[in-house]
Structure formats: structure tokens, C-alpha cells
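Shared between the two complexes below is chain A, which pairs with chain B and chain C, respectively.
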Partner chain A sequence: MSTTTTSRPTVRDTPPRQTTPRTGRRLRALVGAAYAAPTAVMVGLFFLVPLALVVWMSLNRWPLLGKPKFNAPANYSGIPEDELLRSAAWFTVKYTVIITVLLFVVAFGLALLVQHRRPGVGFFRTAFFLPMAVGFASASLLFLGFLSDEIGPVTDLLSWLGLVDGYVSWTSGSPDSALASAVLLVLWRFAGFTMLILLTGLHAIPPDVYEAARVDGANRWQTFGRITLPLMRPTIALVLTLMTTGSLLAFDQFWILTRGGPDNSTTSLVMVIYREAFVRLDLGSAAGISVVLLAALLVFNAIQFRVLRRRSS
Partner chain B sequence: MTGVGVKQNARWGYYVTGTALAILFLFPLVWSAFASVRTDTGFGLENYDRLFNSANGVEFRHVLNSVIVSALTVGGTLFIATLGGYAFGRFKFPGRDVLFLLTLAILMVPYATILIALYVLLGRLGLEDSLIGLSLVLITFQLPFSVFMMRNSFEAVPVELEESAKVDGCTSVGTLVRIMLPAVRPGLVTVGLFAFLTSWSEFFAPLILLNSTDKFTTTLAVVNLRTASHGSIDYAALEAGVVFMAVPCLVLFAAMQRSYVRGFTSGAVKG
Partner chain C sequence: MTTRAVASAVMAAVLVLATACGDQGTDNADDGAVLTLWTRAATESVSKAYADAYNATHRNKVEVTAYPNEEYPAKLASAAGAKALPDLFASDVVFAPQYASQGLWVDLTDRLAGLAVKDRIAPSHVRAGTWEGQNYALPHTIDLSVLLYNKDLYARAGLDPEKPPTTLREFADHARKVDQLGGDVNGTYFGGNCGGCVEFTLWPSVWAANGDVLDAEGEQATVDSPEMADVFALYRALYEEGVAAPASKDEAGPTWLGALRSGNVGIAPAPSVWLDALEQQGLRLGVAPISGLTGGESTFVGGDALGIGATTEKVEQAWDFLAWTTSDEAQVEVVAKNKGVPTRTDLAANKYSSADPRTVLINGLVAKGRTPYARNFNVSFNDPQSPWLQTVRGALFGDAGKALADGNSAITKSLQQG
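Here is the complex of A and B:
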């Protein structure tokens, strides 16, 4: 994974000199395992156990209060007919596509703008990244006021420019404007973070590759399409995975900003899971939806990896 | 146009675009600070007064809860990720690679899908509606990034440093504390800062894992102001809440930006 591992492969296995090689190595393995023990406990108890538990719960009638009872596959059989779930799934996929495309384009543009060291570049990078320091829930509340008619500047500004006329309810007026509000919020909050990841990828490209392209007389677009993009593939894959997974699990922005409305038009999948569990008090049904979502994500990630590996080989 | 002219135009374009975008990104932040102190009559702290003193506003208890959860999460993450990163980066033992992959796999299984199970599990462990339970969950979801980061940091430390300490008679723990930890400081700062930013402002996990209002973290209490208000929302008090939540993050971020960005980029490039 890293350059240091490959350049010094033997050193870590070298036993301390004062003991015989075999006992020394065994002792060192024991010490290493001891250091890893807390990680193992946490991963086992708070990741693997709940992962198994959510599958088990999905096979049971599991009320929030009261005793669970095996009822498979009742929690799954209702899923195809669930109207709200279907519209939430469709909306979540639509939102994911929109956000992935827009966020990627904006973040890549920002990364290209600030990739070279120049006077002022530090200020620009910080300005773009700073929204990341505001928590996502806080950022959602910030935009709730920012886009509101009561204290927000947006409607005033747009009506001053003559673009809108009078009262506009951005976050709850229409399905489209509610979605646009959330998209704007996510772009503002995550563009700088995504930019930073892309920037590390840009900086990992050796300068002499660009040098060679310039000597060969490649223009700016050719350089970008034939060198920058292909060499950025691992970074781009990482960013796309993070963005799609994050968007498929969208919650904060819709719960706080649009409350899933108007008319459930911005209700995401995780909001449906939350409602099943803590409003309808049916943990089993919520677990069923979780397992289906989890399976969909695994398939999606597997496909993405396969496509990626084929392209890079 | 001469070559110099093109260059100058490009520089102008760079600064005009950069400045315009910077203003766009900074504007909501500046606006919320402004909105939080604007009142009917001018400027003042009345919005903060309503934030902290209205019927279902933010209480001292909520702020204290946030501080406790953040401290537990930052401390726990640093402790576990340092030991884990040291183990993965410097030792060979059976099961090492499997455990490391499992830790990274937490990233692939988004926690929203297993949080219901965690809710049940914490109940069985006697940790329902508890700040400790919430912190344990937050630590776990901080681990993939943190362990990865610390492993890379430890791998980058020259082996000679560790060996000379051993020759001088340092114990294993002594070597870790006195020799290795100072060498991986940028990594530690990055991991700690990330853990703080996440735990301080996390919303979904406390929403599910905490039930009683006196256990609420500040994020929950501020969002509660919006949820509790049917009809008209007190936007100005909400913006005061946003500023109150954001200020510690912005201050810490500004203070540690150097090591943060360095730790982040070195970790990512090597991966």
C-alpha cells in the first residue's frame, strides 16, 4: 500500500538481537497482537455483531418494546408494495445521480483552479474547505435560515435582480425547489472536502509526465484528457464511491431542511428506515429495509470495483 | 496577443474566478454570524438569549453532554487507533491483514444501515440512552480513517529510531510513548481533529441512540428548536445555535490547519 512497506520489507521481521530468532519473532507477534486487540474488540463488537444482528432482526417481528418473534419473510414481503418506500428509493437514486455529477464537476474545477502554488492559493483553498468545519446538521440549519423568507438574503437578492416576484418558499414550496435547496447545501458543504481529495490525486502525478507531453506538443485539452484523467483514476474512483455511498444514505439535509416534503417528495431511504423504527416502532421492518439497502450497496460497490479493475489492467 | 499578454490574462482570470468563488463559499458563514446578532432594533445578543433560555432551548446540560461525548470519542479514538496503527504498521502477527481489511470495511458498510442493530445491542449491554454507548459507536465509525492514518504515520518513521531505543534498553511501551508518539504527531493531530469535528456535530447517531432530553447533545437540542416549532420557526435563534456549534470547530480548525492538511495529504497520497 505504501512506498515504505515495499522499500523495507525485511526490517519488521527482524527479531531483537538478544533472543533466539524464533522466540523473538513469536514474542514480537504476541506484542503486535496485543496492540491490535482493542481495535479487534471494537470492530467485532460494534461492527460485526450489529451487522449479523441486523440480518437476524430482519427475520423477526421486532417491536421497539416487547419480545421479538420469528416471522420471516414478512419483513421482506411487504417491501415491493410499500408506496412510500418505492418513491423514496426512486428519489434517493435521482438525488444520488444529481449530486454525484454536480459535486464531481464543481470539486474538480476547484481542484484544477488551486492545484499550483501561487500567491493567494492558500486563502482560496481554505475558503472552499471552511464549510467542512461546520457540522452537517448545523450546515442544514444554517441553510434553513439562509433560504428562508423571513431572514434569508436569497429571495431579496433575486427579487432585487428581478428574477423572482414576491414570496418564494425554497425549501418547502415545490419538490424541485426543495431538492435544489438540498443540492445547493451539499455542494457548499462538501465541494471543498472533495476538492482536497482530488488535489492529492493531482499532486501525485509526476511532473515529468506533463513535461514529456509538452515536448510532444500536446495542447491543454489533450493533456487533461490523455494524462490527467487516466492517471487520476484511483482517486476519482475513491471520490465517486464516497459520494454515491454518502448520497444513498442521505438523511440530515432532508430531515432538517425539507422535512422530507413537500408531500414526501424529498423523503430519502434512510428517513423511511428511521420512520419504520422509531415512528411506527417496527424495528424488524426497518432492519429488512436496511438489509436490502446494504445488499444493493454491496452489489453496487462490487460492480464499481470490477469496472475499475478491468479499466486499469 | 503576445505571450506575456496571455499569461497576464490567465493570472487575472485566476484571481477573478478564485475571489468570486471564495466570496460565494464564505458568504453563508459570514451571513449566519451576522444574522445571529441582528435584532429588530439593531444588533445584540437577544437571539442567543432565546437560544439558551427559551422553553425547549439549549441548556448547559446539553453543552456538557457534547463536551463529554467529544472528549470520550477523541480520547478513545486516539488510544485505539494509535495502538492499532502501531500494530498494523510495525508488527507481523497472525490475522493482521484480515483485521485491517475488516476495519477498512466499516467504510463500505454505512453505519445508518446498522444503527438499528446498534440501538438494540447497546440496550442489551445496559448502555441504552447513554453518552458512553454513543461515544463507543462514534469511535468505531472513526476507526477506518484513524487506523489507516496512524498505520501510514508509523510506517513512515525510520526503523533505526526504534532500534536505537531498544538498544538503549527502552521497553516496548516506553519506545512507543517516548520515541514513536512524538514522531507521528501530525497523524495524531489529524485523527484527533477529525474525531472532534465528527463527534461534536454528529446528528443521526445521537438522534437514534439518545432518548431523554437531558441526555441530548447540543446538535439535538438545536435541531429540536426547529422540530418543536409548529408554525413559525425562530430562524434567528437557530442561526445563533449554528454559530455556537460552529465556533469551536472553526477555532480548532484554524489553529491546527497546518498539521491537519499535511497529515491528510500525506496519508491520502500514500494510500
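Here is the complex of A and C:
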């Protein structure tokens, strides 16, 4: 007969510290700084230095070659008069609102669909995430080809189904169809990725909470509204921040798919910055708009975090 | 003298000789340097043909790198900002004044003045590469706008395939007749959502009617002229009648060649360099000059200008290549042999062009055509967000009168922007 004995784990005697508490704290601080140093250097080199350069650039007339000339605040004072910039700012905000709402709804829907383990769910999770493996520029070109009346199958397919008649231009026929094409592309490309983040949040909710709700007789909607949503707030905050920041900086989809048209109706803010820098070759003006956009992003994110954190707490 | 002393003396002599030879080599412009040349994808094949021929007969080696057309200006601007321009870079000739004004190319004024063929180089291209009296670039490739018509569709429509239109009105009539064939066939096709395509193909009709779209300094637009309005009205009518393919309204450039390649378009203004590419698809094509509403003929002398990057340390070697591209050897055996348009006016007729009367016609148009000159050309006309494209869209598909009047002010403002 064997006996099983349980014993408390032995606590190893630690040798007495030779250092004073102050020295220990300093040592720990130094070790911490050493760990943080590589990241700090990277952030400094690739973010803070370029940021400072952009701010300085925005205060100068900055030729491609040759010496810059201080001209503040000319690069900022021209911003309100720029009609293209105004329409691009309005369009970017409109696009951000549309894509944030749609992408969140679609991604959350997908996450709820594949939340529980059941036969075939792995396939769907992979299928939803797969578009993320395609580069964004490549995906934009892919859509350009698909939606083209000349070479793409979409119009032919819809004609065969009797849904459209004759020539249809999806990417530049009208402002609405151009925007819809870009929104469709972004949904296809990013819904799976956003779903994955939301899925992680869903899995982090303890099953006991759901069980307790079921015992208390809560129906599906009550469970969703009273448990899932409140407990998902930190994840939702992260997803919304990623989506709004990404949308305010939208470029590739419009640059490739619609070229900002028709009639500048899908020109985004970053496209205007690109035009100032690489078409007008006015780096100072491009830097000025970039700084304003960065400031707007900071304010926007600060408000968003404050509101969402307050709700979370 | 000991053996060791003799050996030392011989070694010293060899070293002196070797050093002397080395010095001589670096003094020579053809010293085996490797030169980088950037170009846009549209003219890559010509740049590569130049480089291959030069590399085969010189110690210097030219390495060509091509970038997609749309990305190319940004690539150049980034390289300039990093002070890392290539040794040589080509540019769409209409952007040349902007690059010259920004100092992205080395000043070639004295070198060009010493070139034996300087007076025989395409003058509109030389002008485009000139800023404040100094020369910065030479013509690299020439591309002209012409009318290309499908001889088989002409025959089916009852038109004489050997009699192309001589006026713009006649062009419209021919397009209407071909369009009556029905089915997938369309009378004509144009790039109605592409500022560059429209200026390349519609402006020659304005010039042929003795009108203009820009002043000589490139600071004042005249797109609201009666000549421009007439040309727009004609193309607008063709679109509204369904004679122009519906896709013309949205053609932003990328699928323009593809639409003509289908063989379902009767007659269309297009780049002359497409003649060969389209015939390789099995199409039988005729070529005609672009005319004005009631006659005359002109062309847009496009293509690329080539200059020496301002940040290079191999100016002499780069000039050796650049000067060589203007030689008889390069112009005849590289350009003309590959059915291109020589950049030298005295070589328009040569042993290769005479084999095809269409090539003779194309080459002869260089002297009748124009290359518009403006420092802010790209931002005012070619860029998708340019005021010109908005004007074009309004003139072809919207309120034409308002679009031309408003557009003229907006383009002039853009041209004068500092």
C-alpha cells in the first residue's frame, strides 16, 4: 500500500542581500532602463526624430535639393483656403464613420458566428482571416480587376443574374459607387482581422458568467447586452481606435481603386498630402498638413480613450 | 647593381606605369563606370535598347531601372530629398520644366553647346528641358499622338481603308459609320477620366485649328477658347450618341490600350508607339495625323527627356552616354530600327522608316507638333486631382460652358502657384 503525502513546498533560503535598499532600487531601475533602451532608441530614431523634422519642415519652404528657407506660418495659413483639402477632410471623416460602423458590425457578427467550437468552425475562421494575407495594394489591384467592366467578371455575373443591364462603372461611375467599391474592399480585407481581435476578447469572458446568467433565466439578447458588450469594452476600444486611425489615414484603396475620383469625390486627406509632396514638390506644405492631421488624430484618440475608459471603469 | 636592386627598380617602374594607366582611365569619360538610369515603365523598352547598344560598344555600363508610371514622380522626389538621385534619369517631357526648376538635373548648357548635332535635336523637347535660359535635359524618347484606325472595320463599314479622315468632322463621320456595324463594335474610344490622355489626344486638334491651351510661359490657361470648346463638343456628341464606347467616360489610362487591342474600335486618337503593339495582336491599322475641326494637322510631341542627376559624381561618364544617344548610330540603329521616332529632326527619313510609309508620316509630324511648357504642368493637368481633369469631366459629361470658364481660372491659378 502506497501512501501519498503532501508537503508544503520548501522555501529556499535566500542569501542575505549585501546591498542597501537604495542601491537595489537603483540597480533595478538601471536593469529596467537597459530593457527599455532598445525600444526607446528605435522610437527616438524612427518616430521622434522624423516627427521633429516634419515639424521643422512645416515651418520652412523646403526644396527637394538646396537650403530650406524659414517661412512660418505660410505652410499653415494656406490650409483653410485649400478647397481640395477641405473636401478631402470632409470625405475622410465621412468614410471613417461609414467604415467604422460597417466594419465593426460585420467583424463582430463574424466573431459571434465562429465564437464556439463546432465542426467546420476552424475552416470559417481561416476563410474569414485569409484576405489579410493579401497585401493591401495587391488587394486594391485585385478589386480593380474584378470590378472592371473591360476585364472583370463582376459585371458579367450580375448581368447574367439580370441585376444590371449594360455598361457599369463600379469604381468611377459615380461618387457613391466609387465609395461603395472602396468600402467593400476594406470590409473584405479587414473584417477577418478585426474579427480575430474581437474573438480574443470574447474568449476572455469567463464561461461562469454566462452560466450564472443562464441559471438566472437571461435570454440571448439580455446576455449579449448585459454581459458580452460590457465585458468586451476594452477590446472594442482597441478595435475602434485601430479602425478610426486607419480610416483617417486611408490612402491605398483610393489611390489605386478610384484615383480619388470621380471628380475628386473620393480624395482622402493623405492623398492631398501625397499630392503636395510628390506632385507639387512642396515638402513644407505637405509637412504642414501632416502636422495638422497628426494633431487631429491625437485629439480624436484622446477623446475616444477617455470616453471608452470612463465607460469601462 | 645587385639583382635585388634591379628587381626593385623594375617593380617601381611597373607600379608607376600601372598608376599612370589608372589615372588615364579615370580621366576618360568611358572609364568603365557603372551608371544608373531610372525611367518610367512606359518608355522602359527604349531606355533598355539604348543601354544595351551603348554597353556593347563602351566600357561604361548603363543599368536601367524602371518604375510604374504613377509611382515614378514620387520615387524621384524621394530620391532627391535623400540626395540620392540616379546618375541619369528620364522624365515625362511635360514634367521636365518642373524638375529643371527644382535643380534635379545637372546644367548641360555648355556641354550641349559643344555638341555637333545640337541644332538638329527635337526643339520642343530641348525647350522643355530648359529653365531660365539653361539646358538641363535632352530628348530621350519621342511619342506622338496620331489617329489609329482599324482597316478591317473600315472595309466592313463601307469606308475606304486607304482614305483616313482629313478633318475632325470627317473623323466623327467615320466613327459613326463604323459604329453602325453594331454588336461589340464602337466608333471610337477616348480617355474621358484621364487628364493626360485628353491633353495628348485632344489638344492637337486645337493646335491644328490655330488655337492654343496655354501661353508660351505656361502661366496662363486658354482652355475656354472657342477652338477647345468645339473639340470638346464634338467628342461629347460622340459619347452621347453612343458612338464612343461607354467605357470612355471612365477610362483613366490603365485599360486604354486594352480597349483598342480588342479590335472593336473603328478609329481613335492614341500614342504612335502603340501601332506596333496593336499590330502584334493581329490588327491591320492605318495611321493619320490628328486634325482640327475643318482641317490642318498637329500632334502632341510627348515622350521622355533625359538628364544627369544633380547628386551624381559621374557627370562626365553620364554625359558620355547622353551625348551618344544623340548620335546617328543610336538614333538609326536603336530607335529607328525598333520603329521608334528619332529625336533628331534630320533623321526623320532613314533606311528603316522608308520601309513603312506610316512611319514616315509619324516621323514627319514632329516638326508640326508641340510640347506644352509649364513649370506646374503635372499639378495643373496630369494629376488625377488637377483642375484640368475636373474641367474635362465637366466639358464632356456635365455643364460644358461653366466647366470651361471655371476651369480656365482654376488652371491659371494652379499654373501660377509658387
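Rule of thumb we're sticking to: the second predicted complex is superposed on the first by the 275 of 313 C-alpha atoms of A that agree within 3 Å, B and C clash if a C-alpha of one lies under 4 Å from a C-alpha of the other, contacts with A are read in each partner's own complex, and residues count from 1 in each chain.
We take it that a residue touches a chain if its C-beta (ideal position, glycine included) is under 8 Å from a C-beta of that chain, and two chains touch if they have at least 3 such contacts.
Just so it is clear, the model here is predicted, and its values are computed rather than measured.
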Once the structures are superposed on A, label A:Y274 by its partner contacts, choosing first (chain B), second (chain C), both or neither.
both
Once the structures are superposed on A, label A:P207 by its partner contacts, choosing first (chain B), second (chain C), both or neither.
neither
Would you sort A:L51 into first (chain B), second (chain C), both or neither based on which partner it touches?
first
Return the chain, chain B or chain C, that is in touch with more residues of chain A.
B
Tell me which partner A:G217 touches in the superposition: chain B (first), chain C (second), both or neither.
neither
One more residue to check, A:L283. First (chain B), second (chain C), both or neither?
both
Between chain B (first) and chain C (second), which, if any, makes contact with A:G162: first, second, both or neither?
neither
Applying the document's definition of touch, where does A:L142 land relative to chain B and chain C: first, second, both, or neither?
first
Which superposed partner A:I151 touches (first chain B, second chain C, both, neither)
both
Please work out whether A:G192 is in contact with chain B alone, chain C alone, both, or neither, and reply first, second, both or neither.
first
Do chain B and chain C touch any of the same residues on chain A, and if so, which?
144, 148, 150-151, 274, 277-278, 283
Would you pull the chain C residues touching chain A in the complex into a rising list?
73-74, 77-78, 80-81, 83, 98, 102-104, 193, 246-247, 249-250, 252, 254-255, 258-259, 310-311, 376, 378-379, 383-385, 389-390, 393, 417
Parts of chain A lying in touch with chain B, wherever the complex brings them together:
1-5, 8, 11-13, 16, 28-40, 42-43, 46-51, 53-54, 57, 62, 110, 113-114, 118, 120-121, 123-124, 126-128, 130-139, 141-146, 148, 150-153, 188, 191-192, 196-197, 199-200, 203-204, 245-246, 248-249, 251-252, 256, 270, 273-274, 277-278, 283, 286-287, 290-291, 293-294, 297-298, 301
Chain A-facing residues of chain B, complex:
14-15, 17-18, 21-22, 25-26, 28-29, 31-32, 35, 38, 79-81, 83-84, 86-88, 90-96, 99, 102-103, 105-106, 108-110, 112-114, 116-121, 136-137, 139-140, 143, 147, 152, 155-156, 159, 166, 172, 197, 200-204, 207-208, 219, 222-223, 226, 233, 235-236, 238-239, 241-242, 245-246, 249-250, 253, 257, 261, 264-265, 268-271
Name, in rising order, each residue of chain A that touches chain C in their complex.
63-66, 84, 144, 148-151, 166-167, 169, 171-173, 259-264, 267, 271-272, 274-275, 277-281, 283
